[in-house]
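There are two complexes below, and they share subunit A, which is joined by subunit B in the first and by subunit C in the second.
Here is the complex of A and B:
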């Protein structure tokens, strides 16, 4: 026991109940100072996250449209009514499945591209590495709306560079080919854009992680006769795991919440709404349709889903982490 | 120590149910000031100058007649109008006194308690007797007028005279002929769309439904029900959707086109026909098509009949929260008066809403004659219910057309759209 903890214990002694055993008292004292240190950020979080979340949940329990907001109609408490409407709507389930599949493809895509390029960046000379990073950071820095619009220009059916090149190399089927007409082609195009603007985060994170692995460890592995694959799987990957977890969770959260790219590139959800994802759907319900109650319910469902996915992923990671 | 748990649960329950989401309090005393600043919101235009000239004239006239009154005119972008009006309804202190708004937004704005009842004002305004009845109908909710029609917009059939002469075609006399003519044009000229009528252009689709004798929805005992599954309505929807086909306007290009894009395709020389409004004249004149086009009323299913046109247009209303309500009404009489409407037509091409002004305008300018003819032969309107904004925003009708155009069975598509309409009406 250090002098520091002793003095702290003395400091909290008078307020602690007498019948408590010393170890508990110490833990409680630690808890209190932890609370004290966390208080400022807790205050900010309650202000900027807690209150809006509280309002979101509250709105989702009412029939709350523009007429109710501006006082033109009385409020009506629906309880779970909005949720029942939402879960009973086949469209919601289609959109949910679409969102999960789309986010899954985007997460895997950006992880694969990001990790692949990070490994590549660790093995090439300075100049190509610098060019790679410049290109990646350029994509990262591009605002989502601008990026989506540029992609649309590139893939324009009449004047787009991509169609011109494809026709130029002899693929005449691409003459006037519309990249946003077929559901899966449109989703593929948007996924391409999303991966393009989100892989740099994975690249930078993983590159930093790879660089932070001490040379001695790798040297030891090769001295022990480990193959490249074995080194990658059993030395590098475990050391990268914390970073990989962060990159994956971030990607899941980002890609599940995709709005801009779908909204801009498929013109608000595609032909007959075939390319809707949850966030665009919520926007249409809440703001375009002034149905704030139902829109909030979608928001709450999305928040819960994201929390569940993240929790499952974290648990799975911890479990595998303990095994290896 | 465990006592806090039920306590916290109770607190949360109370918070969730007792307080309720925020609402604007409308119980405060209402003032009616006769001096000060009158705030006016008008829509911004691609080329605002001609509109501004007419408005400024009205402002000078009004300020000269009312001492100690200044009129503050703001131009708000049409695209973000919904956010602006929502903000104005939710925060009366930042709201204008007089505002211009689209007649399809009227029902939801009135439900939000946004605009005052002007029925009494119109009864005491002699000029109001000359307002076109079908246009005035678009300003009424439950028989009460909530806005003065400032101008109206009518759509008709634009066609390329050079293409029609080259192929020896006559302008179609029925909607079925419209389909065959459009197909023949694309056969002979594969570089052109037979007619550019996009999947998201529901204001072009509705006249087809009305011409077939159907309707979008019908009203019975105060509640609306979808009429899209009716035989007649389905015929109209089908005819329109058949225009979005590889032989006329390929779905890959046309299914996602909006009204503006449809007209742009025509103005850009990519289509032989389109359904365009009187307000699209400047855009078409400025494009490569130039003078090589003419306009006829959109035909109906019987030869010689015209499809009922959709009566679009903008209204001027007094905000319910206004503390200058008398002055606001006086200003509307000036700005929406006969003289200014005529000037607005000359400046912007906006069709007047007074029948006598319409006749004078048509006499002076033969170009506008087909539109006036459509207008005076009877117009129709979207269901006058607050649900319309929601239906519009959720793109229920465009989705229906797009589904049929991309191969869904029309019965299934109209049934699904009907369900969605009824759900929106039911809210």
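Here is the complex of A and C:
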């Protein structure tokens, strides 16, 4: 009996044993009240996000610019026209690849830093741990606009502290070095800021997860002769998975849709748009270029991409969960 | 338990069993103490390395914030020197100027939008998360995916339709428009997190309560909610931080009356150049409430999250 109830709680997978149990009246009652509990949230989300999504898709099928918005020109239905323009545009592909690579680096970076610091925080005394948490809270609390500006200031070409220090320790190549001129250096700098302001979420969730693993479990593992690496991989990781999934999905969604940091730190997409990511590109096309239709098409493409990436990730997670 | 298909159950059970035996563990013998001391000495060197690393990384990561706070106490001309000024006479001029230019109102707006939207998220999200924790079936994953998928719309792209709608219902520059949007923005992640806390509550508790004749609503309120309250507090704090720092909705949908703190910061960047010291003061004011709230909630946050960590 105990074993059965435990697995029931654990079994988030479709293989949960009570799936095969004959439906009782109580179960169906549960189902109906579940629907009743879910409906308000679903309604709010559909109400707030549904209509804009519908509008977005519709807009992406029209030639919709400043003239159409002000009623000066008739709406012209393009069908897939905007998408064809987009897919035939070399720049779009560059930006798309750039966005995926940049988001990938940021997600892996925030996860690595967050998990690394969570492990570290679990191993040190109170004072250094408090410092780590203070740093995390500070980075988390600083609004993105302010954080980007602070970073830009610290890395300023002429009076930034970083260049002063680098020159001070003898690296004279950094005299007047611009951190935003070269495409990859600029992306690196922005990625640094993004990781800096998104690691706290990972740190806090993972630290909590690690703390929740009872010492006895780890002791048992080491008594069984498991190496540190094996313990980490086969004991700690499976236990952290639920929280790790939440942290990863949140990071993917965040970093794929980065806007403020790129916009502020590379001044709207860098020299000749070399640092554009999809979100900023859509903004530039829609607002600066007054081509709302094309901007909307980029938005639709982004949404579909994110759906695919997240679905693949979740599926892989579920598969791993069943295997281990 | 030996069923290879669900070995996670062993992982979840082990702590429970050992937790119950913890109380009867005998006191360590003298020999044990000696052995432990020796091991402790060996580990001290490694511990020092970890500590040093924590100090270096902690200071490094804290530095941008520290620099911002320091700059907030400088005069504008001291903020721009080359090399940067490290020693200076602190002044409160920037804070006075920032508060004098109406930052107080934006802080109040932010606080109101954050508090009300977080309350709405909890009111809507707790029942949803509870319902999703009840029967773990395949559908659950689909519903969860549907919830999270609403977060994938790029705000930049939906801002035009949103602007049109908000304008049509006459809610531009109205804090309630932001509250509705923040609620929708945080609801998916809140439901995901709270669900993992609800999964921790043994279902027998609910069954026992309903056998005692309590209705489902009463059972949830009296039995389950108190148990998951740390987790709910943690979720609430995360929602607070996200709402407090939200920028894009606020910058596009508010003007004067409903402007929030992050939006007011932009005023110090544009115009006749960057007022660096003043921006720092404003940013410090904007970040301070979150740091204080986070620091107070820190223990609760970590305890709360760990409650739902292991399924």
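Following the convention adopted for this analysis, the second predicted complex is superposed on the first by the 290 of 324 C-alpha atoms of A that agree within 3 Å, B and C clash if a C-alpha of one lies under 4 Å from a C-alpha of the other, contacts with A are read in each partner's own complex, and residues count from 1 in each chain.
One rule holds in what follows: a contact is a pair of C-beta atoms (placed from the backbone, for glycine too) under 8 Å apart; a residue touches a chain by one contact, two chains touch by 3 or more.
All of these numbers come straight from a predicted model, not from anything done at the bench.
Trainee: So if we stack both complexes on subunit A, do subunit B and subunit C clash, or do they fit?
Mentor: fit
Trainee: Regarding the shared-chain residue A:154, is it in contact with subunit B (first), subunit C (second), both, or neither?
Mentor: After superposing on A, A:154 lies in contact with subunit C but is clear of subunit B.
Trainee: Based on the superposed arrangement, let me know which partner A:227 touches: subunit B (first), subunit C (second), both, or neither?
Mentor: Neither: A:227 stays clear of subunit B and subunit C.
Trainee: Considering only the touch criterion stated at the top, classify A:59 as touching first (subunit B), second (subunit C), both, or neither.
Mentor: It touches subunit B and subunit C both.
Trainee: Going by the touch definition up top, name the partner, subunit B or subunit C, that contacts more of subunit A.
Mentor: Between subunit B and subunit C, C touches the greater number of residues in subunit A.
Trainee: Looking at the overlay, what does A:75 touch: subunit B (first), subunit C (second), both, or neither?
Mentor: It touches subunit B, and subunit C stays clear.
Trainee: Is A:49 contacted by the first partner subunit B, the second partner subunit C, both or neither?
Mentor: In the superposed model, A:49 contacts subunit C only, not subunit B.
Trainee: Subunit B to subunit C: minimum CA distance in the overlay, Å?
Mentor: Once the two complexes are overlaid, subunit B and subunit C approach no closer than 7 Å between C-alpha atoms.
Trainee: Overlap of the subunit B and subunit C footprints on subunit A, residue-wise?
Mentor: Subunit A residues touching both partners: 55, 59.
Trainee: Write out the stretch or stretches of subunit B touching subunit A in their complex.
Mentor: Touch list, subunit B to subunit A: 15-17, 19-26, 82, 86, 89-90, 108, 111-114, 199, 251-253, 255-256, 386, 389-390, 393-395, 398-399, 402-403, 406, 427.
Trainee: So in the complex, which bits of subunit A are touching subunit C?
Mentor: Residue positions touching the partner: 3, 5-16, 18-19, 27, 30-31, 33-38, 40-42, 44-45, 48-49, 51-53, 55-56, 59, 117, 120-121, 123-125, 128-129, 131-147, 149-151, 153-154, 158-159, 161, 164, 196, 199, 201, 204-205, 207-209, 211-214, 216-217, 220, 235, 238-240, 242-243, 246, 249-250, 253, 257, 259-260, 278-280, 282-283, 286, 292, 295-296, 298-300, 302-303, 306-307, 310-311, 314, 318, 321-322, 324.
Trainee: For the complex, which residues does subunit A have touching subunit B?
Mentor: Residues 54-55, 57-59, 61-73, 75, 77, 157, 176-178, 180-181, 267-268, 271-273, 284-285, 287-291 of subunit A touch subunit B in their complex.
Trainee: Taking the touch rule as given, give the residues of subunit C at its contact with subunit A in the complex, in rising order.
Mentor: 1, 5-9, 11-15, 18-19, 22, 47, 50-51, 53-55, 57-59, 61-68, 80-84, 124-125, 127-128, 130-132, 134-138, 140-141, 143, 145-158, 160-162, 164-165, 180-181, 183-184, 187-189, 191-193, 196, 199-200, 202-204, 216, 234, 238, 241, 244-245, 247-248, 261-262, 265-266, 269, 274, 276, 279-280, 282-283, 286-288, 290-291, 294-295, 298, 301-311
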